[in-house]
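Input: one structure, supplied below.
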Amino acid sequence: MSGLLPRGGTIIGTTRTNPFRLEEGVERVLEHFRSEDLDALVAIGGEDTLGVAARLHAEHDFPVVGVPKTIDNDLSATDYTFGFDTAVFIATEAIDRLHTTAESHNRVMVVEVMGRHTGWIAVMSGIAGGADVILIPEQPISVDECCDDLRRRHDRGKDFSIVVVSEGYELGEDDAGAEDEVDQFGHVRLSARGVGDRLAKLIEERTGYETRVTVLGHVQRGGTPTPRDRILATRYGLKAADLVQEGRFGQMAALRGDSIVDVSLAEATAELKTVPPEWFHVAKAFFG
Amino acid sequence: MSGLLPRGGTIIGTTRTNPFRLEEGVERVLEHFRSEDLDALVAIGGEDTLGVAARLHAEHDFPVVGVPKTIDNDLSATDYTFGFDTAVFIATEAIDRLHTTAESHNRVMVVEVMGRHTGWIAVMSGIAGGADVILIPEQPISVDECCDDLRRRHDRGKDFSIVVVSEGYELGEDDAGAEDEVDQFGHVRLSARGVGDRLAKLIEERTGYETRVTVLGHVQRGGTPTPRDRILATRYGLKAADLVQEGRFGQMAALRGDSIVDVSLAEATAELKTVPPEWFHVAKAFFG
Amino acid sequence: MSGLLPRGGTIIGTTRTNPFRLEEGVERVLEHFRSEDLDALVAIGGEDTLGVAARLHAEHDFPVVGVPKTIDNDLSATDYTFGFDTAVFIATEAIDRLHTTAESHNRVMVVEVMGRHTGWIAVMSGIAGGADVILIPEQPISVDECCDDLRRRHDRGKDFSIVVVSEGYELGEDDAGAEDEVDQFGHVRLSARGVGDRLAKLIEERTGYETRVTVLGHVQRGGTPTPRDRILATRYGLKAADLVQEGRFGQMAALRGDSIVDVSLAEATAELKTVPPEWFHVAKAFFG
Amino acid sequence: MSGLLPRGGTIIGTTRTNPFRLEEGVERVLEHFRSEDLDALVAIGGEDTLGVAARLHAEHDFPVVGVPKTIDNDLSATDYTFGFDTAVFIATEAIDRLHTTAESHNRVMVVEVMGRHTGWIAVMSGIAGGADVILIPEQPISVDECCDDLRRRHDRGKDFSIVVVSEGYELGEDDAGAEDEVDQFGHVRLSARGVGDRLAKLIEERTGYETRVTVLGHVQRGGTPTPRDRILATRYGLKAADLVQEGRFGQMAALRGDSIVDVSLAEATAELKTVPPEWFHVAKAFFG
């Protein structure tokens, strides 16, 4: 091991291309697998990767087992995916640093964190870092309500606020800019790149408070993994090896409580795990 | 919150003195509690603190609820105590740093981590950091067996090894130095301060490999808590408030799986939670 | 000291308002200073704060000494300002983390760092973090030249690139979007908030490489200061105390080589210290 | 660069064996160098490595240039060596963490840091971390004087103190234990491994304050280098390449102020750079 530290990212250079979307993609995967004389595939990834693995197994009896790895933590059959603890660590560290910069009156800091469909990183880092408002896809707080919260805080003498927003948070129809499209469901398709920028602009316009934005981006996917993520990955790896050894294909290693179990890939990828309302309660306990 | 970051340690300056060991200690606690006109006490600590809380409740019907806080993670009624994740983080970071210093042939690094009665920090940081040998109170690996493992590694061409040892690891009778006492059970009472130093000396003598030691000490108790520890503490705090509100005294907040429940203080302090053998299996998966 | 860790940010809640821009602003400062019966003012800040201090001293013989504190490191009379080393540390950490996320073909990561008028943070963190292109206000590399560099890299088989850009980097006339204004000098006034977003969009459009952005924002102003910044601040503080003691007002503590000296506030704020060309040479040594 | 982060330690597996101390050691070096048809050697290290380089050049006209790398920062011809900033960072982080553990009355924390002959790491990390007493080889503070300082602090109501000690700090004759040897100069040769342990024991015995020890050891040599160390190493490397290119052998890259210059290896290794008294003054400014 000496000299080799655990780190995030991909080393062997695999791609996340979905073979079901390529012409003859699946056939080429099957052919390549046979020609390399492989016995089994361990698919490590999130809903996309594991969804493909589930279909490969269901439709082609492909000898695959899964390991749940996504910083989004949105797989329903496991309590935690690995990568998530590290992403929360990095996002929390950023929020901590913002807390120490409270140098002006009536300033708002917006932090955009990852989470395309769910607010796990936003909620966890927001609680850990002491955010004042947390905006996630699961909970319908509008930008106006967010601004109301900020005004109430500042009226009570708090002149510095931190807003954490998931990249997947959706602006309402009224929040669209002239250059955005609004689709038939009233969802806003941003012309600009990210929700963090737009949100900061809207907050500044509506409250008059100077608003600054931090967009962490892929920084959350990298860095040295936390011990918890390394241990979880180690335990998942051992479980995956056992599943392969036992020929129990189509299954995925999962964490339930503090135990490693296995669940079917079909079940694991059936639906997204969203943030349940009790976490909003924890988050709100410290707002104000 | 602005400007106030979470941090380890004690702010209000409480002591860990056991009132049951002081003359009229308990009477003074009861009297002081009444004179301050308090409604309830939230006891935050490990087996010592919570053991006192359990007795105060059992013997005096004292209105106390408990929160499990110890870096040792050795309370049996909860999956995790807070403080532990941070201690593992700090210990793992130290092991990581040692990995990058492998500059000489046949060198051994000993890292002494906390854990008076159990090896939780050693096992978790050892797995996460990629230690080559882990010595803990629960598992009877002698110093000679440790030296054999190191020789086998080095014979296979690995010329750098990391040994993680819990402060509570007990040397055998044969490992005692001239200046140590050996009690009637064959346990060694070290004349020197810590087991890490002694172990390093024994390894160097018996294997001839240059051996260096790192003793982390109270560094493991401090620093910025990990997000996981902060969230766990937040959830425990909310549960403790609920327990007080509901008058359910004599109970302790606990983590079971991913849920916060409550257990009786008596149960929580009945016995230590030691590292179960399945964790040795995980640790061994990467040895060699 | 116990329990009090050094941290970034402002504790006493001062403002950066320029009294010379307020009606009777200077008169109120002078009056307030007299009414509090103060002997001296230690002005801690960058070109704005110290520029005001210089004028207060020059025009009103105000008893002020200066300490150079700005993360931008753009004060000409001192080798380094404090805050800068910490900002470079945080920006480098972000670049490090991006390096480990190289998981897709032909992807570009843009990191926007602070530096309104100068590229110090970009150059230093870019060298330390191994950036592939560094765009700063001082050096006229156009977006097209940047895209050419990226294409050449990717043609040579490097399919992952990191671009670090100072917030003060100016887009050329050809890089303006439909919604931006271009002033009479051909400078682009961005309608969107930051140069990082716009640059990422332009790179993606022109090269076809998937491009992601990280905007660190005020995260760079906070966090635990590096030991070097703490020591520098300590030494500056001692010098400032000496200057006050000796009645040498209108002077600023400065670092020259490894020595703390003093220079006149007028000299210190006369012009910005830009990144000299030899640093581009260091940065380019590792490009490719 | 992608995926390869800077890290401490040795990658190519060189040794620090001194060829002048091996029989025919130098002859073998010269022969090996010729047989590999090499043009030049870049020697990267501290006083030992560069001392050998200086002799190889002086006695054999060996084509060698030097780069000053040692965490001890004790080379007289350069303001800073690389590795030092990182070691100070790690030691300061440890001291920071100890500050947050001040949970008991009258407790002393001893931190042993590296520095065989000089106190650079101790002084810098002690100032940055806010140590209360700093013990280094250069300054004759006895253990008794240290204990007096601690008593005075605690008498003034400070009940928690941090003592930083260099590994090279020498105990006085009166501080020897029964098992230590005292040589003819009154220097103590410790039977135990390190000065930190012994110092903690002496402080506890003489003051009655509970005393704990942290021995960082090789942790200070590893980890991710700070940006400053990376930049310094980069600049040194460029200078070394220039020196080789120009055939200017027997020279060493050095930092003077903020400039990279070159000095002769003979000069650079003539004497150790010790901590000058003005640094004690900075350190003392915050004691108490």
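Side notes on the structure shown:
By written order: A, B, C and D. Residues from 1 in each chain.
Keep in mind that, in the parts below, a residue touches a chain if its C-beta (ideal position, glycine included) is under 8 Å from a C-beta of that chain, and two chains touch if they have at least 3 such contacts.
This one's a predicted model, so the numbers in the text were calculated from it and none came from an experiment.
Steps from chain A to chain C, minimised over paths through touching chains, total 1. Centroid analysis (C-alpha atoms only) places A farthest from chain D.
For the pair chain C and chain D, the distance between C-alpha centroids works out to 32 Å. The centroid of the Cα atoms in chain A and the matching centroid in chain D are 43 Å apart.
Contacts with at least two other chains are made by residues 3, 5, 7, 9, 96, 99-100, 102 of chain D. Residue ranges on chain D touching chain C, taken from their complex, read 1-6, 79-80, 85, 88-89, 92, 96, 99-100, 102, 124-125, 127-130, 132, 158, 160, 224, 226-228, 230-231, 234-235, 238, 256-258, 281-282, 285-286.
On the chain C side of its complex with chain A, the touching residues are 7-10, 14-16, 90, 93-94, 96-105, 109, 179, 192-194, 196-197, 200-201, 212-223.
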